[in-house]
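Below, chain A partners chain B and then partners chain C, in two separate complexes.
The block that comes next holds the complex of A and B.
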C-alpha cells in the first residue's frame, strides 16, 4: 500500500476518499478482530473463570502458560495429549487431502473426460454440506454394524472383525506394535516410565486412535473438494503452449506432470498445505459432534481443549492461554513450511 | 502471506468467540413459548379494561418481568412447566414470568452470567454448583425457602456447599437396576430383587451373556457417574468428608473398580457403542443387554421407543459396604446480583413448594424432592418405587470446584481399562493424583 503523502489537493482528496471507503472495513476489523485479539491475550494472563464478570478476574501473569507448558499436572498432561492428537491428525489429514485433491483436480481437468461438471459438483459437494450433518451421518457409518464395517467385511470376505470405531481408543501404531507382541505390559520401562511433558513416551508413539482415524478420514473427505477447486484453478492457469512444447520434445504424460505441472503448482501447493495445517490444527466442530474428546481423550484436540476449559471447567483464562499457544504453533508451522516450500512460492 | 494467515486465524478465533457470545439474543424456543406470549399480553389488558392502548403495548411499568431459563426436556415436561408458569402469572398480577428453554444451555448461561445480564431464575445441575459458587455467581436461598426440611437430606446436600444451602431441587432421579423379564425367563433365572449382592449381579450377568449372538448380561458405560455407585456400595468415597484429601487409593475403591471393569473385561457386560447404541438405555431397549443401571429417565424412553420390551426395575444390588445409589438433581438458582430478588424467590417457591412440586412431578417423569409427597406419588406410580426408595440411601453428585478434571480422568481411565490399555490400579492412581491437584488449587 502506498501511503498518500502528496501535497497536491487532488492527492489529498484521493487519500481522504480512500480512507472513507475503508472506514467500514476498518471499524469492523478493529471491533471484531483487533479488540478480541487484545482481549484474548489479556485474559490468557488472568484467572478468569468465564462465569463472573470479566472485570473481576485477577491478573496472574504467565501462570496459565506455566500450567500448560512447564508445571507437571493434569493441565500440562491434557495440553500435550491434545497437542499429540492434533499433530497426528494433521500428519494424517494434510498429506492425504493434498494428494487426493490434486489427483481429483488433474482428473477433472482432463479435456477428454466427459460429464466434467457432474464430477466437479460431486467432488465439491461435501465441502458445502453442513459439517454437523456430515458428522452425524458418519457416526452411523462408524457404528459396529454400520456401513464401514460391512464394506470392510465384504471386501475381506468376512475376515474383518467389526469394531465400534468411535469408541475405540487404541492407537494405530500401538495396534501394529501389538502384532509384534509389544503392548503396555511388555513394553520396556524406558517407554512406559519416561515422562515427557506429562505424557509417557509410550503414549507419545501411540499414533492416532481408531476413533481419531475415523474423524481424520471424514475430515479429509469433506475438505478435498475445496482443495480440488483451488488446484483446478491453478491447473487451468498453466498455459497450454508449455505442454505443447514439451510434447514436441517427446515428454511422456508422467514427465509432463512431474516436470511441468508440479513445479507450476508450487505456490498453490503452499497455499493448500497452509490452509490444511490451519484447518487441522484447529479442528473443533467434528470433534464436538462426534466424540467430545473421547474415547479416553484420544480425540481431544487443542481447539476442543480450549472450549472445554472455557465452558466446562470454568477456566476461561487457561483456555485463552491455550488458544494463544495454538496460534503460535500454527504460525511457527507455517513459517517452517514456507522455508521448505521455498520463498519463491510466496507470491 | 503473514498478514493473510494472521487474519484467517483470527477470523476463525473471533468466529468461535462470537458464536459463544452471540447467544444472549433471544432464540425461538419450544412451541409453548407462543401461547405464553399471548397470555402475558392479555393479562395486563384484562386488569386494565379502561386502557385504550393496543394489545401489543408493553405491560404496565410496575409489573416485574422475570425470565426463567432452562433446557428443553420432553414435550410433556416443557408443556407442563409452561402451564405452571401460566398459573404463577395468573396468581401474581405484579410479576410476569417468561419461560426460555434454550439449546446449548451451559454455554448460554455462562455467557449471560459473565455478561452481567443473567436470567432471573435458571437451572443448575448439582455437579456444576461448586463452580458457580466459587465464582460468586449465585445467591444462597436457603433461608428464603418454604419448609426446607421437607427436601430429602441428600438432595439438600447436593445444593449445599460449606454449610450454605443455595437452591431448592426442582426434581431428581436415582439409579436403579432395570432388567429384561423375557431374557431372565428364557435363561431360567429369578428376577433381581432389592436383596441382591454383587455376586448375584455378576452370576446373572454371566448366565445371561450370549456373546456369539451379541447379547450381554449387562450394559455399562465408561462413566464415573455409574461406577461411583459401586464405589459407595463398597463403602468407599471419592474424598474425605471435608474435601481435604482424595480417597480413591483405598482398598474399597480398588474393589469397586475391579468389579466394574471386571464385568466388561470378562465379557459379561458391554459398552453401549459395542451394542450399536448411543447410551445404555438404547442397548437395553434393543434387548442386546439384559440389565442396565440407569435412572428413571429410562422409563419414559423405553415406553416411547421400545414399547414391546418387557422389563422390570429393582434397586441396585448391595456391595460389601451395603446399599448405595446416586441421585442426580437440578435446582432453580437465582443470580447473586438478582435484579428482582423477591419476585424471583416467589417464583422459585411457587415451583418447588408442596403444591408446585406436586403439580410438576405428577407427570411421573421426575420424582418429587419433598418427602411429604412420597406416598401420594407412589400411589400414582407404584412401578417407580425402586427409584424413589433410592432417595433414602443415595449420594449427591456434587464435589468441589474444578472436579470436571477428575470426572474426565476417571471416564477416560475407565475407557482404557475396559479396552485393556490401562490397569485398574493405574486408573485409580491417576484419578487420585488429579483429584489431589484439583483440591489443592
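The block that comes next holds the complex of A and C.
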C-alpha cells in the first residue's frame, strides 16, 4: 500500500514538475510561433495593409493566392520571377556547398594531415560572422575596381574584362547563348513570345544573373564551413576497421571512397542537402543588403518578395499568402528529396 | 609464376608510396590555397577600414594602408553606432540567459521526467523546427503589433528567449547523463527541482557553454527579427540593422572605410568568443548536426 501511494505521489510530482519545467517554452512557442502561424493563414485571406488595426482587415478569400498563382499581372510575374531566381539560387548553391564541403571534410580528415585544427577553424570562421557584415564585405569586393575583378584579371593575364557584378542583370545561360549568336533579338518567337505564368520562356531559361551568381558564390563561401564540420563528425564515426579490411582486399582509395565513405555518409548527405534547401529557399539578409532584388529584379527572391510586399508596399495579406506558398514549396522539396536520397536514412 | 606474383606487390607498393606523397602535397596545396580565400577577405576588410576614402579605390588593392586613417571609425560615431553596439550586447545577453534557463529546464523535463503528454510536447517542438523562419516574418509582426511590442526591447528579446534548437541540445545532453546520479538523490527524497538544480545541472557545463555560444551568436548576428521589430526608433537599432540601413542611407556614394569598420566591429566580438571557445563550437555543431 505504502509503495503504491509512494509511486502515485511520485507520478503526480513528476507530472507537475514536467509541465512546470515546460511552461516558459510552451508559452513563448504558443505566442510567437503557433498563434502567428494560425494568424498568417487567416491574414493571407485578407487585404490587411499592416498599418490599420488588424481587426479592420477585410476577408477576401483566396484572392491573394489567385493573384500570385493564376491571374496574369504584375503580382503573378513578380512571384514567378522570384520563384525562378530562388530556384536557380538553390540549384547552384546546394550542389556546390554539398560537394565542396564533402571534399574538404575528406581531405581534412586524412589521419596523417597536420594543421588539421587550423584548417577547420579557418573554413568555419565565416559561418560565425554576421550575414550583414559579410554582405557588405562582398559588396565591396564585387565592385568594378574591386578584389574579385582584380583576381580574375591576374589569373587570366589581363584577359578578364572587369564587370560591376552587383549591377549586372545578364543571365549566365543567356550569356553563353549569346556566344552562339542567340540573343533576345535573334531568338525564335516561341521563346520570346510564349508566356508561362507571367514570365516568357526566354526569361525562364536565363540562368542566374551575374549579380545573383555573385551572391551564390558568397553564400557557398559562408556555408561550407558548417557543412564540412557536419561531414567531419560523420566521417569520424565510420569505424577504421572497415577501411583496413577493404585495404587488405586491395581496394584503391577511390574505390574506398565510392564503396565505403559515400554510402556510410548517406544520412548525413540527406541532412546537409535538406539544410541547404531550407537555407537557400529562404535567402534574405544578403539580398536586402547587397541588391534589394535588383538589377532588373534578377535577385528578387521569394523571401525578399514577402518582405517587400508586407513592409514596403503595405500588402501584408499578399505577403502572408506568398510566405505560406513558400512554406508549402519548402515542405514539398524536403519530402521529394527524402524520397530520392533519404529512404535509407530513415532506417 | 612465383617471381611474377612477388614482383607485382613490390611494384604496386612503390607506386602507392609515390602516390601517397603526391596526394599529401596536393592536399596541402589545395587546403592552404583555400584557407587563403577564407582569410584574405577579412584581412582586406580590416585594412580597408583603416584607409582614407581616396586610397581605397587605388589600383591594385593593398593589404597595408599607406597611412593609417581613423576616418572610417570616426564617421561611425556620428551615426550612433555606440548605442547600436550596446543594444546588440543587451539583446544578446538577455536572449542567452533566457535560453540557458528555459532550455535546461525544458531539455531536462523532456529527457528525464516522465510526465503525461511529454511525447506530444516533444513532437510539437520538433514540428516548429520545420517552419522556415521567413514564413513567420509577417505573422510575427502581427503578434508583436497586437502585444504593443513593435519598437521595444521586449519585442527584440522576448520572442527569442527560447528556441527549439536550444531545447534539443540540452535534451540530448541530459540523455547522456547516467541515471544512477539521480537515483541516489531520489532515494534520499529529493524533489525533481532539487535533483535538477543540485545534481544534474552541475554536470552540464560543456552543453551549457555550447548553448551560450550558439544563443549569443544567433542573437548578435540576427538581422531579420530586429528588422521587423524596429520600424522607426533608431535608438533601438542593433548593430547589423544599423549597418544595413547605413548602407542604404549612403545611396550610390558608399563610404567603404566606414562600412568595413562597421563590419569589423560586428565581427570582432564573435571572433574573440570563437577563438576562445572554438572546441565547443565544433562539438556543438557536430552534436546537433548528426541527430538533426
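Everything that follows uses one rule, which is that the second predicted complex is superposed on the first by the 328 of 347 C-alpha atoms of A that agree within 3 Å, B and C clash if a C-alpha of one lies under 4 Å from a C-alpha of the other, contacts with A are read in each partner's own complex, and residues count from 1 in each chain.
One rule holds for everything that comes next: a residue touches a chain if its C-beta (ideal position, glycine included) is under 8 Å from a C-beta of that chain, and two chains touch if they have at least 3 such contacts.
Only a predicted model underlies this, so the values are computations on that prediction, with no experimental measurement involved.
In the superposition on chain A, A:131 makes contact with chain C only, while chain B stays out of contact range.
After overlaying the two complexes on the shared chain, residue contacts for A:312 are found with chain B alone; chain C is out of touch.
Comparing chain C and chain B on the residues of chain A they touch gives the larger count to C. Once chain A of one complex is fitted onto chain A of the other, the partner contacts of A:282 extend to both chain B and chain C. In the superposition on chain A, A:168 makes contact with chain B only, not with chain C. Applying the stated contact rule after C-alpha superposition, one finds that A:296 touches chain B and leaves chain C untouched.
Legend: residue contacts after superposition of the two complexes on their common chain; A:13 is shown touching chain C, with no touch to chain B.
Of the two partner chains placed around the shared chain by superposition, neither chain B nor chain C is touched by A:176. Of the two partner chains placed by the overlay, chain B and chain C both lie in contact with A:50. With both structures placed on the common chain, the touch criterion links A:73 to chain B but leaves chain C unconnected.
Shared contact residues of chain A with chain B and chain C: 32-33, 36-37, 40, 50, 54, 145-146, 274, 278, 282, 284, 303, 307, 310-311, 316, 323, 327, 330-331. For chain A in complex with chain B, the touching residues are 32-33, 36-37, 40, 49-54, 73-74, 143-146, 164, 166-170, 184, 274, 278, 282, 284, 293-297, 303, 307, 310-316, 323, 327, 330-331, 334, 338, 346. Residues of chain A that touch chain C in their complex: 11, 13-15, 17-19, 21-22, 24-26, 28-29, 31-37, 39-40, 43, 50, 54, 104, 107-108, 110, 112-113, 115, 117-126, 128-134, 136-141, 145-147, 150, 221, 225-226, 229-230, 232-234, 237, 253, 268, 271, 274-275, 278, 281-282, 284-285, 288-289, 302-303, 306-307, 310-311, 316, 319-320, 323-324, 326-327, 330-331. Every residue of chain C that touches chain A in the complex is listed here, in rising order: 23-24, 27-28, 30-31, 34-35, 37-39, 41-42, 44-45, 48, 57, 59-61, 101-103, 105-106, 108-110, 113-118, 121, 124-125, 128, 130-143, 145-147, 158-159, 161-162, 164, 167, 191-193, 196, 217, 220-221, 223-224, 227-228, 239-241, 243-244, 247, 254, 256, 259-260, 262-264, 266-267, 270-271, 274-275, 278, 281-282, 285-287, 289-290, 292. Those residues of chain B that touch chain A in the shared complex are 1, 5-14, 16-18, 20, 106-107, 110, 113-116, 131-132, 134-137, 222, 271, 273-276, 401-402, 404-405, 408-409, 411-413, 415-416, 419, 421-422, 433-434, 437-438.
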